[in-house]
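Presented below are the structures under discussion, each in the form of structure tokens.
Next, two complexes with subunit A in common: one pairs it with subunit B, the other with subunit C.
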Partner chain A sequence: MTLQDTNTAAARAPHIGQAHRRQTARRHLAGRGRFVSDIVLPRMLHAAFVRSPMARGRILEIDTRDAEQSPGVVRVFTARDLNPSCKPWTGTLDHFATMVSAPQNILAEEEVLWAGHPVAMVLARTRAEAEDACELVMLDIEEGEACVDGHAALTGDAPRAAPGLDSNLCFQTVLETMAVDAAFAGAAHVVEGDFTFGRHTAVTLEPRSVVADFDAASEQLTVHHGTQTPYQFQDIYARHFGLAESRVRVIAPDIGGSFGMKLHLYNEEMATVAASLKLGRPVKFVADRLESFVSDIHARDHKVSARMALDAEGTILAMEVDDMTQIGAFSTYPRTSVAEGNQVVRLMGAPYRMPDYRGRLSVVFQNKVQTSQYRAVGHPIACAVTEALVDKAAARLGLDPFEIRARNVVPDDAYPFVSATGYSFEKLSHEACLAKLRELMDYDALRAEQAALRERGIYRGIGIAPFVEITNPGAAFYGVGGARISAQDGAVVRLTPSGEVQCAISVTEQGQGTETIISQIVADQLGVAPEQVKVTTGDTDTTPSGGATWACRGAGIGGETALRAGRKLQGQILALAGQILQSDPADLALADGHVVDAQSGTRRMPLAEIGRIATYRPDTLPEGADNSLTAAEHFAPSGYPFDFTNGIQASLVEVDVETGIVRLLKHWVVEDCGRIINPLLVDEQIRGGVVQGLGPALFEECLYDETGQMTNASLADYLVPMACEMPDIVIGHVETPTNDTILGAKGVGEAGTAAAGAAALNAVNDALSPFKAEIRQTPMTPLRILAALGHV
Partner chain B sequence: MELEGTQELQADPQTVWAALFDRDVLERAIPGCETLEQTAETEFAATVKLKVGPVSARFKGGVELSDIVPLVSCTLSGKGSGGIAGFAKGAARVTLEDLGETTRLTYSADAAVGGKLASLGNRLIKSTAQKLAGEFFANFEAILAEQAEPAPVPEPAE
Partner chain C sequence: MTMDIELTVNGEHVRESVEPRMSLADFLRERLQLTGTHLGCEMGACGACLVLLSGKPVHACLVLAVQAAGETVETIEGLSESGAIADLQAAFHDRNALQCGFCTTGMMVNAHALLGDNPAPERAEIRDALSGNYCRCTGYEAIVDAIDATARKRASDVEAPA
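And now, the complex of A and B:
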């Protein structure tokens, strides 16, 4: 046998970096998924809600008598029945100083604050019976004046969006450097623009769903909940309903998509838990599509005015930005609705050396569905505004879009670097990504083709957009503001008596392959194949407490936790093997399911033998030997507050200038997410993210009329991006691992969404440039494009 | 949402005007009307069953007549609640013009809907409203024509 160096990364990590299919894929494909929607328990009741048809009004009367007599109905609850059992929740955090929001409770008490606000809950043997009874609840609401538009809501005499507010301003902040005014005064060029970003929503395949099951005899509450963050909900249910945390178990089984939408607290989930506590029976709520549109959080809804100062050579000197974001009648709990706008004003100009900056954020209440964190929180807005201005400056200066960016990105050798908005970047790779993208898309050939086609009246456009993405957040995100949201994660890894491995971990799986990458990481620490590592997630009773999955932290933080737990167990196994084999553990290693000689790779004993001896024959071990084959480890990120990633995207479009219809021809992404654990899943995340970025750029929008009614709350009218409209997405990688962790992985889940819309916006404007037309509003609907062209 | 229309009716303004205030005529003419009660001289309470796209509901509501210029014009304003289907409200200005043998009725309405009706039926609301207005006038005209015919002479008893 040849000598093997088992200490090199490649030899010790044969599975990290390899493409492995998602372990859940086969089960889901076979129809063996187990979603909350599938759960049926004995004596279970189904819930349906009576909702306010008005955006704002005062409840005069709720008459439930007819509904109570309806077939199959067990109970009808109003605020008077349920709200006293629940401590109200308020969506503010201390680190957003001066922010305000009205307290919320389960059902509307005296006033309704958006069209869709739940007013009464009907519990029946079937959902159909509950829905039928909802029609019999007579609701008398005196209509009030609704706040619909954010600018109008800020005027002094505007009606308040919620009771108890002094104004409709939820939060305001200004971020600025010393010399921003001087930079603008001395600039050779100033470009500016006003932008509007519509509301859209997650439209998950599986809607929000929950089954609450309270057993009064054991005082045990079990909640089967389609959420990303089971521990957060365990804490919320315990605190708000006054239960012992250990008697609250939250189980998140298979989840049909979440995208940030399923980590917020909703009235319906609280009502379901409250009803189960009251009746001592399991209660199920699964939102239908219409309810989802008027109760799931919406995203974005920004109006931004921005300008950028440049010197005569095209060097960016400063940006000044004013973002007004409209969030509904309340700030969402427990993460607030301010984080989105906060990230918008802090990510402006992030890829560039830009020394000066002023950003003003105003977060405004209105009588619509709440907005809050959704995939790529704030990123698409900051990226679209910045990159639209950069393109505008390039056109003013006669520079190619690649050239102006090459002159301004933070050079790859200039790190660590602190941005004008105060973000610390450990190491990014903008220059490498720019170069790689240019080659990947064959940029010069595309420009030549574009020019030739224009001669024939075909208007194609090319848009590029570098981006910076926030991943692996520490406690700076929420914990410092007083939110009980964990920034750390935990893993328990054990060797079974048969020599296989089980890992219970706090990061969760929503279809992105979390369990698969965790198995790869653990496998490499213990010298087994990923198939031999069974990963358990999403159950607060059987996994350690942790932050779970949000803000691109699963791979970077969860992966590091698994790695450290795996190494700890590796140490225990080697120590035990050393005693059994009479060898120094330092001379041993784990590979191919065996304890091997670290130098030669010679097999010394199978892991199954370690498991057998430790479990069944500990009496044969030397006295004092530790037979523990379970290791627990918790990991909290330290060092940089976030691990930033970067990349660049490009979009090729064709605009029909007669109809305003945009065809997406091709899309490119070059991405640097640090160490790649599973290239197949990374590319899946990027592609899915790009689609969720292109959707709101061209199709998706929650439309409201002037009275605050959402007018397209069905999939007949709300346009989700479909496969036939999506372009091929070509992906390239640059790998710059973070030195904050052993694993070196950063997040990748939001990168696609961060810049796809910005690239498409720039591409459309490039296509429209021969007409001196410009579009500054998303989604870029055919009508808006025709308006930009002056045709309508 | 704004709706406008004109209709030439085969009757003189006096007949049309009287019919517009006649509970029995209105009950028969309003599409889907299940009950109509006159609660005051110029006020009615109605129950109407309607279907707008995927939403069907029984609306309970009231209609009030105001700004009355006899034989010339009046404003009808109404509001109806359809339970969880949502609500509808609006006002219409109706004007009559004497064309001799016939009467031209012109209406201009502003209506709003809320709740499920707005969310699901928005695309269909205007076409549904126009269809309902058409049905109303067809019914109204048929009733006027019926009234214009001499009452059938009963067969003499043998």
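And now, the complex of A and C:
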């Protein structure tokens, strides 16, 4: 059997598609997780940071003398000490033409640019002693005028958010089709709205954590880093600190949540590495929750004006969108803060046949925490704006929300299809998802119940929101823009002397079950059980280099890499078995831990025997036989630039029109992520994603005052979704595998987040419709709902 | 200044000298290397640090180590090794009621305490009992399912003849 003539994955796959449990979960259940925050090394110092108390100002003096004398303190560093060791970083990419951002370095040099900007670093024997000493650092900062509001920041006389900027415009782009103005001119109906999407943040339960350990004797830097992208950080640490890549090892052990937030470069991580390089001993930094709020990237923060043109039958003709997004004083590195807005303007109207479009994006600097990529980058904004306008159009035309969408989604038989914004869709399933959702939620019964309850003064709302999700990105995402971010992944699969399997792979695990699905995929290629496949991830020294985990690529790209590596090893095993058994390898197969006869399934020899002979008795093999039982394979997506997935969500809410409080009663998702490798894990990715979409729709917001101070920067004040507020979530599936890969899997991690907020927004507006009230701002707080109702 | 304290942790007698300001969570994690107790907010809002202090769940970040002197403390490690939560652990595993694992240990401690107080909770009661345990990964439903399944299994095991 050769690599080419293997049967389809489905036909040969007893474990792909099964709900295998995560073996690694058992460690966590026993309290045996090993997070970066748990790591203690000999002679390790603890870091704490002195931060700017104001959003904008000029540093006049930093006096560290008292802090240096504080008990337990080893060193106090300022920019003068650390920044020269680090090449500055600039968060721009070539494919976002004309974008600008000021260079950044570890600690604030002359100016502080947001409240929380690190100014000094204290290293002490304990974190408590380091924090004590931070209190003794005397900062003299002359307060300046901060840019807080994005629209105001764009006026000519506004102060600049960072030194060296000609204006506060980071990036602007316009996408448009030829006939968009004609479409609006000839439209029977135009609906429009202004929308505001608040800032929120990831709030991973384990804060950002790093332990940097530089051993001067071996010139080896080892960084234990709570990140989803260890190879990216290996490259960054090597280049920015002038180290050979081979002398930098990044290990990402158990990660207490990431969701995109932990793949950006932060001042504190660079400071920790710089301090370890300087002192030649391990340095640990674990953000406390208060500093997480003012240093972890924030997300979203968009103001969108949008309108939609329709003909008399409710056919969507065009959309015109203006998105202004506010990103802080710098664009993040190495992925920029432009990708979010870029995806907002490109995903508008994505489920629909809409032929014409104009989207304008303005990315604006201000003196707040940086915003950047977080789970479902851009998707929730595009989906909420589009679906709110579709509902508005449905109301105008007297159409049911399902009916107007049925008239407009790209038909399931119309693929491949290119959207008005230029995205190429291989094959999506909006019609099937729409039909399945309607049945799953028993839509007609819910409408009848809603009408009956309204008679009694109970206001329920039903909202639906189809979506398109970007997954499995190729190099078009970052690589073409000059970013050293890998679009490919790598796997090394080997048969051990005992006939078990090990797979070292570049995609990483943050609890979503990456290691489990990789074991299932490899197991199927080698005829073993997933429990016999040990998967290693998250260590740049022991796994091949690759993109790791972001933009929903673990299953689609990582899984395909593992499949191909597994098949390569399968070929090697069968070739060797053929020589041992004096058989044609094409007549052999692997099953149940054995080499078997391909036709009859009769067992010919155990894999353990192959391992034993190849390892201990290669002398007994025929001359020239290859005893290699290790196979490496790298895979980069080709064909379509992304694998788009699709689905639809629905939300049922009840609004108390006296208090403005929204109760989430139930949520439904029908999702098409292509081939499902593990339905248990897929469903829980969707549920978790939905709740990360509902949080910012109803609760989560980083609130700032007019001076640029975040006013709710603690977990007592910032509202996260908790168990008692969240609904049960019913999930259905449609499976449309991609033909770009053998495996056929697409991504699923961001689907839940993409449309949950849109569905909730439409549901709340449906509940408010008897009062002719509508809300166009998230989070939909009780006060905002009361304002929409005219009560306040 | 330090103070000498003696207490029982997971059934073992412990004697240590601690600063009065040291939290029980830091004491468990740093002195005893019981790193299964996690810190998510250090202000009693997230529930990651829940341990049993004399049988009752407390936020170890809000209790000083010196306040635990003379008391018994049980952490996830002790509950796991004694077998007291074996069925809960199995239910969480079966239902995939955890992802990153960081909230999980606090969830287990709270779920164990809940089922001790209320062996047959309604789903709404389970959600209410978890209202101080933040989980960013799962969306909570699987956790509620796992606790619900454990309660039902315990009830049916009691009813069924041995």
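Convention: the second predicted complex is superposed on the first by the 781 of 792 C-alpha atoms of A that agree within 3 Å, B and C clash if a C-alpha of one lies under 4 Å from a C-alpha of the other, contacts with A are read in each partner's own complex, and residues count from 1 in each chain.
We take it that contacts are C-beta pairs under 8 Å (C-beta built on N, C-alpha and C of every residue); 3 or more make two chains touch, one makes a residue touch a chain.
All figures in this text were calculated on a predicted structure; none of them were measured in a lab.
Trainee: So in the superposed three-chain picture, is A:97 touching just subunit B, just subunit C, both, or none of them (first/second/both/neither)?
Mentor: Neither partner.
Trainee: Between subunit B (first) and subunit C (second), which does A:135 come into contact with in this model arrangement: first, second, both, or neither?
Mentor: First partner only.
Trainee: Based on the superposed arrangement, let me know which partner A:50 touches: subunit B (first), subunit C (second), both, or neither?
Mentor: Only subunit B; A:50 stays clear of subunit C.
Trainee: Which of the two partners, first being subunit B and second being subunit C, lies in contact with A:707: first, second, both, or neither?
Mentor: first
Trainee: Between subunit B and subunit C, whom does A:294 touch in the aligned arrangement: first, second, both, or neither?
Mentor: first
Trainee: May I ask you to name which of subunit B and subunit C touches more residues of subunit A?
Mentor: C
Trainee: Pick one for A:256: touches subunit B only (first), subunit C only (second), both, or neither.
Mentor: After superposing on A, A:256 lies in contact with subunit C but is clear of subunit B.
Trainee: Let me check the overlay on chain A: which residues of subunit A are in contact with subunit B and also with subunit C?
Mentor: Overlap of subunit B and subunit C footprints on subunit A: residues 714, 716.
Trainee: In the complex, go through subunit C and note every residue touching subunit A.
Mentor: Subunit C reaches subunit A through residues 19, 21-22, 29-30, 33-43, 45-46, 48, 75-77, 80-81, 89, 92-94, 96, 98-105, 108, 126-128, 130-144.
Trainee: Residue numbers of subunit A touching subunit B in their complex, please.
Mentor: Touching subunit B from subunit A are residues 50-55, 115, 134-140, 290, 293-294, 705, 707, 709-714, 716-717.
Trainee: Name, in rising order, each residue of subunit A that touches subunit C in their complex.
Mentor: It is residues 21-22, 25-35, 37-38, 40, 128, 202-207, 254-259, 288-289, 510-513, 680-681, 684, 687-692, 714-716, 720, 722-724, 726, 728-729, 752 of subunit A that touch subunit C.
Trainee: Touching subunit A in the complex: which residues of subunit B?
Mentor: 57, 81, 83-87, 112-120, 122-123
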